[in-house]
Structures are given as structure tokens and as C-alpha cells.
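As written, the chains take the letters A, B and C, and residue 1 is the first residue of each chain.
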Amino acid sequence: MGNCCESAANFFGPQKNTNMRVSLPAVCFVWQIAMIVLFGVFIRYDEESDAHWIEYRRENNITSDIENDFYFRYPSFQDVHVMIFVGFGFLMTFLKRYSYGGVGFNFLIAAFGLQWALLMQGWFHALNPETGKITIGVERCASSLPGYVIVNANVVLNISCFCFHISSESSLFPQCRDAGGSMVIHCFGGYYGLAISWVLYRPNLHLSKRHHGSIYHSDLFAMIGTLYLWMYWPSFNSAITDHGDGQHRTAINTYLALASSVLTTVALSSMHQKRGKLDMVHIQNATLAGGVAMGTAAEFMITPYGALIVGFCMGIISTFGYLYISPFLEKTLKLQDTCGVHNLHAVPGMLGGFIGAIVAAAASESVYGREGLINTFDFEGEFADRTPGTQGGFQAAGTCVSIAFGLVGGAIVGFILRFPIWGDPGDDNCFDDEVYW
Amino acid sequence: MGNCCESAANFFGPQKNTNMRVSLPAVCFVWQIAMIVLFGVFIRYDEESDAHWIEYRRENNITSDIENDFYFRYPSFQDVHVMIFVGFGFLMTFLKRYSYGGVGFNFLIAAFGLQWALLMQGWFHALNPETGKITIGVERCASSLPGYVIVNANVVLNISCFCFHISSESSLFPQCRDAGGSMVIHCFGGYYGLAISWVLYRPNLHLSKRHHGSIYHSDLFAMIGTLYLWMYWPSFNSAITDHGDGQHRTAINTYLALASSVLTTVALSSMHQKRGKLDMVHIQNATLAGGVAMGTAAEFMITPYGALIVGFCMGIISTFGYLYISPFLEKTLKLQDTCGVHNLHAVPGMLGGFIGAIVAAAASESVYGREGLINTFDFEGEFADRTPGTQGGFQAAGTCVSIAFGLVGGAIVGFILRFPIWGDPGDDNCFDDEVYW
Amino acid sequence: MGNCCESAANFFGPQKNTNMRVSLPAVCFVWQIAMIVLFGVFIRYDEESDAHWIEYRRENNITSDIENDFYFRYPSFQDVHVMIFVGFGFLMTFLKRYSYGGVGFNFLIAAFGLQWALLMQGWFHALNPETGKITIGVERCASSLPGYVIVNANVVLNISCFCFHISSESSLFPQCRDAGGSMVIHCFGGYYGLAISWVLYRPNLHLSKRHHGSIYHSDLFAMIGTLYLWMYWPSFNSAITDHGDGQHRTAINTYLALASSVLTTVALSSMHQKRGKLDMVHIQNATLAGGVAMGTAAEFMITPYGALIVGFCMGIISTFGYLYISPFLEKTLKLQDTCGVHNLHAVPGMLGGFIGAIVAAAASESVYGREGLINTFDFEGEFADRTPGTQGGFQAAGTCVSIAFGLVGGAIVGFILRFPIWGDPGDDNCFDDEVYW
């Protein structure tokens, strides 16, 4: 979710028009009215949130109201909202003069995105061909969360339609398991954002250098964001996994991977500075890499020590990225990656996709049990004949597709963003929200 | 919850006695000892929190411990506490020199209020006439939350007894449905607070002008409050609705209305300023109006797009209120409404009450199902013959009663507060907590 | 969790070596690799998080996935993590120049500690003698939370092994009930930390006086910590109590005690200052004493008014401690207790242990019901013959053992910490994290 500033930037001169008085209200109204119309046409309550539930319950021999999906998913659903609104929002406050922008625009875009994602995900995954309706409940809201994280992450300027279509398509990729979204959220979203940023390179961004830094209190606000992301990441990965052991195992695996990446992040951060001082940027970001990389595999029987190993490696890789790869990319590829999307999302997401593929390919009946294997990988219906090996292949292929769509989609969107019609600040005025608040 | 400062004020001169050394400890001790005695006389565990649960379970053929109400309500219960302690507390930190006061007094009053509300709500709604006891569990605590929000909101100076009695009486109004409290919390509480503030008009409040403003960091702290209120509002509205589809539908409706009001708030806020800049006050407050207005109707089958429409209108109305109505009221009616209680609580609450009335009146068996209709509106026992139309009438009447009790109650309390015995600061010292911390 | 600074201190001169460049990374790597190996050898999923759950369910006639322990414990589990990472972390930000250190080191140590505690608690309490494995799920993670709170609290310098062994041993003390850890967490941990601090007395700490204070914003950050600790303490105490009435009652009792201690804290704090002003230190800490003291007894039928009485007394005792006992201890015993561990943890924890003993001893079949008594105190198997009186005796004895182990263990660890090999700052540089960040 890092490139809120870069993607708002292009290389036209400093006399930019940051006046949002017409464009922002127009966009908000048009968008929201469109949502109301589309919701009116398509969206209805599902059987668990409809007043007919009491009859549905009796007909399906459901013994208790506690079997309503609400009680399986609502706590995770709320945790994920804390991650998106408080976590991402406050993580963005680390710049000394972009705190309002970080929290406020994140708020707006998330409120945008959650409605849009509900529709999009609904169209692609839950449209009832007979009634032409999408029925929603807490699970559908939760399963569209990944969607609006993508919207949230990458599309500062209300162009999500286009990119999102692509990402949804890619998530249609036949039957990859990707509950926590290593592939479709972090890997796709990361490369997508980097491609935009690459296209929108601002050669004179150093003119804004004076704003590009944190102060003691802004870093402390950012730690609120980091901690909520870190604590609730198990809820994020487990929000839409299978009832029972699925949610349980996903939460534990993510939890252990996160704990492990804290230690290696601290280690690398300390090794780099002369007197062993720690760097807030690493602590705020790389500690989360373990959760990103477990987005696909957490659902599987990766074993507790497997989760620790993943976290161990990710803490190292991500911190290493902040220390060496980001500066390298900026120098050689002209890639301005203020928040380190590459190190926290793109690379851990990609690796997470491949880890998922390996763990899936290594699955066996002896470890999962016969029914457990079917249950975990959904080897039912048209997939009844699939073997773990084939599943692993699909997972790996899905990851590659995510990268490709991310890079291509991002490049296209980037070129659109270069048209001088967007209200982005001049090169000497970046990292400062004074023009907006 | 806005008038923490105004209601602490009256118009006696600046040589005010802000020394709390005797009065505050005395009030705390007397109050808390009274609570202990009253709890000793009246309050017992209910069957779900009593050690006899294991026997109760067997006698009632409850198959599992998960059917204990704790598991239905506890996550919402905790979310609501976050709203009250962190949400309201930090929302109040927006003044640059009233942050301690905002968080600290909110903390004290909420701790006050939750005990008192548990008793009051218990007396009126849950007193067992045979044993003379009130039995409590998580549901009773949750259902008295509205109560202590009122206490919290309006009564800075421990006079809640009186006002609360009234509000409880009004909530006794036969069988209005008002799960999230549009009517009994926001509408009643809003007009009540405004009436107090009107009586306590301080003509020389401009002497405190130097403190009446925010700084960059204080507004950021306030955003913590806003975000938690926004995120957990679905839990607030659904905390005491029916198990199953009731809680599920309430949460989704509230969620959609909130999302929608963010967009229209941003739109109006941006339209007002010359260069389209956003105003933190609007983002912090008006974005919540959708949740306030869904306090009554969220439980009903308002449909997802209906919820979006409510949020759409409320964002506009509330922001409009901050821009034009508050200044107008201050000028013409001498109403000092620092936190915009009128725009966030009174008006959206009143409208929410009427929306609930309309949606209730429009209910039909075809939409709710036969059993669903009975279930949703509790058309059982003495209300078995009631029609949706009658229910709608009662809802509308209940809203009017709330307004009337709020205005009259507030005026009375305001006159009591004008006696010069309260430790409130002088006109030149408002909005500054230095005298208290 | 208070002595993060003291325990990092010893009395060797100001030319201290605070360079962590080698030691910190080495410790992190060695530790994390050791964890991976030990997890590989010992830790496996339990039957509720294993993919075999679907078969286990059928074999055990479990009718629904909602019976998976995940749904009983996960919301509390998450709340407790918020307490540890945000609550403790931000509570420590009150010093104006130790905010990074407070949040950051807390984060590191908690990530350390949770893995270690999972192993330790597993070895002592859940090692399967046949397979030689420890199986984990959300409940095991939650039940090891107390463990890593201890690690977190006391062991800044990775020497937790030793002390932890002792504490685990003491928690093995036959069949004391101590769900919320008044005894094994607060009482043990408090005295342990005080003993370390006593051994590590720094006669020249006044040289750091300039850093020893808060500023307006740092105290506001600390209030975030306080409020989360306060709100989620009911989850902490109830996280591992019995399903059904056990968790329900524990939450309610803790909740009432906390509310009550807010009022008496405010009263005492206001009585002490000349003009009745409140002191942030008391509001931030003593308000929590009610929760600490209910760690043992909350599970029992202490009655709602009993809980209020406990909170009432603890608010007084704890605030009194901050006002008079801490200065007295510093003067006479040379005990530097920056965060008031004595007043918030040691004393309320000890009293909580004894309150638990009294309430247990007073238990009777008429109050608990026959089955309820067995259920609440686990009078089954080898304890089938135990009477409430005996149980009370064991509880009291357990509290004494906790104190003894805390004092002795802390003294030993303190002497180890005096070796000049730790990277702690000089006496003139305490309370400042500039050397670390």
C-alpha cells in the first residue's frame, strides 16, 4: 500500500493544479450514486442475513443460531477492518507532513474500495445466474476485503475499475488456493504499484527532500499502524479460510511466521548501523513480511517450525531489501519506492506464492488424512481428480500470472496517470499534505 | 458526546473555583460506595454466567457451551467498549489543550456510567419481581451500553440520576425497536445536550478563543477516535439485536451506510473550501453520521442499497450542518456547540428514528417471511396482533417523545448546572485542561 | 512490565558500551534458530488445528465446526495480543525520550517471549509422554500468554531461560487456579522485577533526571496503552478459563472491578494535589489495579458487588502506593521503580492471590451447585476429594511461593546483570533511547 505518493505524481512541472474543489466532489458523487444504482440492481442479503433465516434454519436442520456464518467470521472481519483503516492509515503517518494525507486518503479510498470490491468480487464469483443477483453476508464482505486492499493500495486516483478487472480475472485463475492473498494481493499489487511508480518517475523529486523524513512523534504514530497490522494479520489470512481447522491452522501459522520475522528484522537492522542502532523503517515494515509470505501457505499443513522458517527468511529478505535493493533500484531503474512496496509486498508476496506451491505439491494423505486433503484443497466436483502435484503447479503458475498482470497493468495505468489532468502536487511539494488539508 | 466543555460551564464570572480537591473525591467515593451497596442488594449473575450453568444447560437441552450468550455477544461487547473508551476519548483530543481532559474525563465518566446504567436498565427492564434481583451477563451489560453512552455524553457533573431516569422512562415507551439507539441515544442525547448548552450560554466564551483550535498532532490523535468509532459502529448497532440473522443484517447495513457517508462527507467538505481542501472536523465527525442514522433501521430489511442511500444523505446533511447550521445556531440562538452534537447526533438521530418508522411501516410478509416478520419485530405475546403500520406509528411517536424529553430534560439540568457550586473554569479558561491535570 | 530501564542498568560507570551491533544480532539469530530446531523436534498441530479435524469431529460426535476451540478463544486471544503489543508498548511511551524504546523493545521481547513460552508451557504442561510432542492450538497459545508476559516483563537481556524455569516450576504448584495470573504473573513478576531493580541500584541515576519526565504528547500516547489494557483485561483474565459460564463470569467480574478502581484512583489522585488536580501517572496505572487483583478470583463466584469492592480497595491501595510507598522505598531501600511495578503488579497481584484463596475457601455447594463446584475448581481425578477449604489453603500457599521465587529469582538474575557485559547506558543517559534508535 505504499505508493500513495508516487502514484499521485508524474513528471509535469511544478506549476501543478492541486485544486480538488470540482474534481474530488464530482468523483465522490458520481461514484457513490453509481454504487447505489448497481447495488439496487445486483446486491441482496444472503440467506444468513435475511429475515428468512429462521425458515432456512429449520429447512436445513441447523440446530442453532450460532451456526450462522456471522459467528464464524465477524471477529476476523472486524480485525481486518482495523488493519485496513487504522493499520494502513497510521503506517502512512510516518512522514512528518503527510500524516493527515496518510490517514485521511486511506480512509476515503478504503470506503470507496469496499463497495466496489463487493460488486466486482460478486460479479465474478457469486452472481446467481438465475436471479441475476449477488447475495451478500459477512463472508462475502470478508472475501472482498482482498479486493479493496488492492484498490486501496494502488489506485489513488479513482481508476480502479480497469486495474481491478484484471486482478479479478487473475483471481479467477482456476482454483488456486490463496486465502491470505500472497499472490493476488501482495504479489500482484506490489508489482502493479512498482510498475506505476516506474512509469511516473519524477526526476526532480529531490526538491521535496525537506519533507521526506519522519520526526519522533510521526514515527510513533506509524508504530500504531504497524502493531495493528502485525497483531491482526492472523485474522486477515484466516478470515475466509474453511470453518474449523482451516481458520485455526491459518491463524497459528501466520502468528508464528510473524513472530519469527520480528527477530531477524531486528538482527539485520542492528547489524547495518555503525553502533548497532535500530532503524524505525525496518521495524515498521519488515516485521510484517512473515505474514505476507504466509498468505497462501498458512492454510496448509506447513507445520509450526515451517512457519518459523518462512518468517525467519522473510525478515532477512525484507530488511535486506530496504537496506540494499531499494537504493539499487532507485539508482539503476529510476524506481521511486518511498514506502518500500518492493520489499514488503512484491518480493514476500511472490515468494509466498511459490512457498504455497511447494507446500501444496508436497501434500500427502498421510499428513492431511484422506478427507482432510480433499477438504483443504477442495478436491471436489470438477477438481476431484486433481493431485497435490498438479495443485502445486497451478499455484506456481498463478503466481507468475499475478506478476505479469501486475507489471503490465501497472504500466498501462501509469501511462494514463501521466496525462496532466490529475490534481497531483509539483515535484517540490511532494510528501506534504498541506495542499489537501 | 460533545458538550463536555459547554456543560461544564455556566455564566458566572472568571473568578471560578476550579478546585476539585474536595468535591471530586467526595463524589467518587460516595458514588462508588452507593454502587457497591446497590449492587449488593440487587445484582446477581444470570444463569449463563452462574456456576449453575452446567445444570441449567442439561435441563434446557442446550447441546454445547458455545450456545452460552457470551459467544454470541462478547466480540461486539468488546468492540463497543473500544468505541466508548478509545473512540469517544480520543475524538475529544482534537483541541490542542484539552487532550488530557478529553481522554481522562471520558474514562472517568464511562466507568461511572456503566455501573449506573447497569442498575437503571436493570430496574426498568430486568428486575425479577419474585426475587427482587437483577441478573446480569454480557447481554445485560451490552444492553446497558446505550445507557452509559447517554450518561457519558451529557453529564459531566454527576447528575445523571435525574436525566437518566427520564431517558429510561422514555425507552420504556412500549416496544419500539431501537437496537442501535438512533432514538434513545443520539436523538434524545443530542437534544438534551443542546438544551443544556443553550441554558448555559457563556457570552464571553470568545475570551478562550486562543485555546479553541487544534494542532497537527492533536487532530491526528482525534483520528484514532474517529476510525475506531467508524470501524466498530456495526458492532455497536448489532450488539443486542437478535441472534442469527438479526446481528448479521444489522452489521452489514450499518457497514454500508458508514462507507457511503464517507464519500459524501469528503465531497461536501471539499466543495466548501476555495481550493478544495478538506476540513479535518468534517472527516472526524460527519463520516459517522451514517452509523447514527442506521441505529433503528439497521435491524430491518432496509436492503443494502437502502443503507447506501441513508449514508449518502447523512454525509451531506451532517457536513452541511457543520458548515452552515452550527454557525447559524450560534449566531441566532446563542447555542455554543463546540463538538457539533447537533450535526452528528441530534439531526441524524432524529432522522434515523423516522427512517426506522418508515422501514417498519413498509414491512411485509413477502419480504420478511411470516416467521421472519414476527421474529424481527417481536410480534409476540401482547403484541401478537400488531401490524407493521402500527409499529411504524409507534416508532415515529417514540422519536418525538425522545426529542421532547431531551429538550425538557436538558433545560432543567441546565438550570441546575447554573448554580455556582460546580468547579467549572472561567470564560477565559475554557478548552484548556490545565486547571484539572 | 515496568523495569525495562532499571533492569537494563547496573552501576558501572558512565563509559558504558551501548553498541549492540554484534550482540543483538547474534542473540536474535541464535535464539530464533534454536526456536526453529526445538519447534521442529517438539511442536505439532493439535487435533483442532490439524487437517484431520474433519475425521476427529466425526469420531467424537462433534456436531459442528463451531465447536472447534478456535471459536471459543480466538477473540480473547486477539484482545490479549492487543494488550501486550499495543497496551504494554504504548504504556511505556510516557517518558519523553523513551517512546521508541518502549514500543520497539516491547515488540521484540514479546515476539521472543511468545515462542519461548509456547515451548516452556508445553514442556511442563502439555508434553505427550508417548509421542514426545507438544500439540498446539489457540488454547495453548493463549495459555502460554501469561508466560510471555513474564518474559516480556522482566527479561530485557535474553536471560529468560533461567528465571522462566523457576516461574514455570512454581506454576506447576499442584492445581492452584490462577486463570488471569494474579499469582504467577503479577505477584511473581512484580517481586522478581523489584528484586532485580534493587540489586541493580544506580546511585547516580539523578544524572538522567533531565530525561525522566513526560511531555503532553507522550502522556497521550501512554493513554492509548492504558485504555487498551483496561478494556481488554476481561479478555486477558477469561482467555483460558472454562468454556461457558467460566469465561462469561470471569469477564464480568474483571469488568466490574476495573470500573470500580477507576473511581477510587481518581478520588485519591485528586485528594493529594493542592488544587485537586489529577496526576496522569495514577490514571495511567492505578486504574488497572482492579484487573490485576481479579486475576485469580474472577473465575469464582465472587459476586458482582464483591468484584466492585475489590476494585474499590485496589484503586486506593495502588494510588496510595504511587503517592507514598514508592518514594519511601526509593529513599529507604534504594529501590528505583520508574514504572511503579510495586504498586501496579506486586501488591495487587499478591492481594489478588490471597483474595482468590479466601473466595475459594468460602465456596460451597449451595452457591456453586454440586456440579458447578466440581467444574469450577476441577475437583476431578486425583483432586476429587479436595474441599474448598483445602483449595483455599493451596491458593494462599501458591501466592507465598510466587513471592519467594520472585524475590530470590530476581536477586540472582540481578547479580548476573551486574556483570559489565551488557550494553546498557550510563547513569547519565538513562530514560533516553537515542543510543538505541
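Basically, contacts are C-beta pairs under 8 Å (C-beta built on N, C-alpha and C of every residue); 3 or more make two chains touch, one makes a residue touch a chain.
Note that this is a predicted model, so its numbers are computed, not measured.
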Superposition rotation for chain A onto chain C, Cα-based, multiple of 5°: 120
Copy pair chain A, chain B: interface residue numbering same or different (half cut): different
Centroid distance [mean C-alpha coordinates] between chain B and chain A, Å: 34
Residue numbers of chain A (touch at least two other chains): 63-64, 66, 71, 75, 217, 224
Chain A partner contacts - residues on chain B that touch it in the complex: 63-64, 66-67, 71-72, 75-76, 79, 216-217, 219-220, 223-224, 227-228, 230-232, 234-235, 243-245, 247-249, 251-252, 255-256, 258-260, 262-264, 266-268, 270-271, 273-278, 280, 283, 287, 301, 303-305, 308-309, 312, 367-369, 371-373, 375-376
Complex interface listing, chain A residues touching chain B: 18-25, 28-29, 31-33, 35-37, 39-40, 43-45, 48-55, 57, 63-66, 68-71, 74-75, 78, 81-82, 85-86, 89-90, 93, 99-100, 103-104, 107-108, 111-112, 114-115, 136-138, 141, 217, 221, 224, 423, 435-437
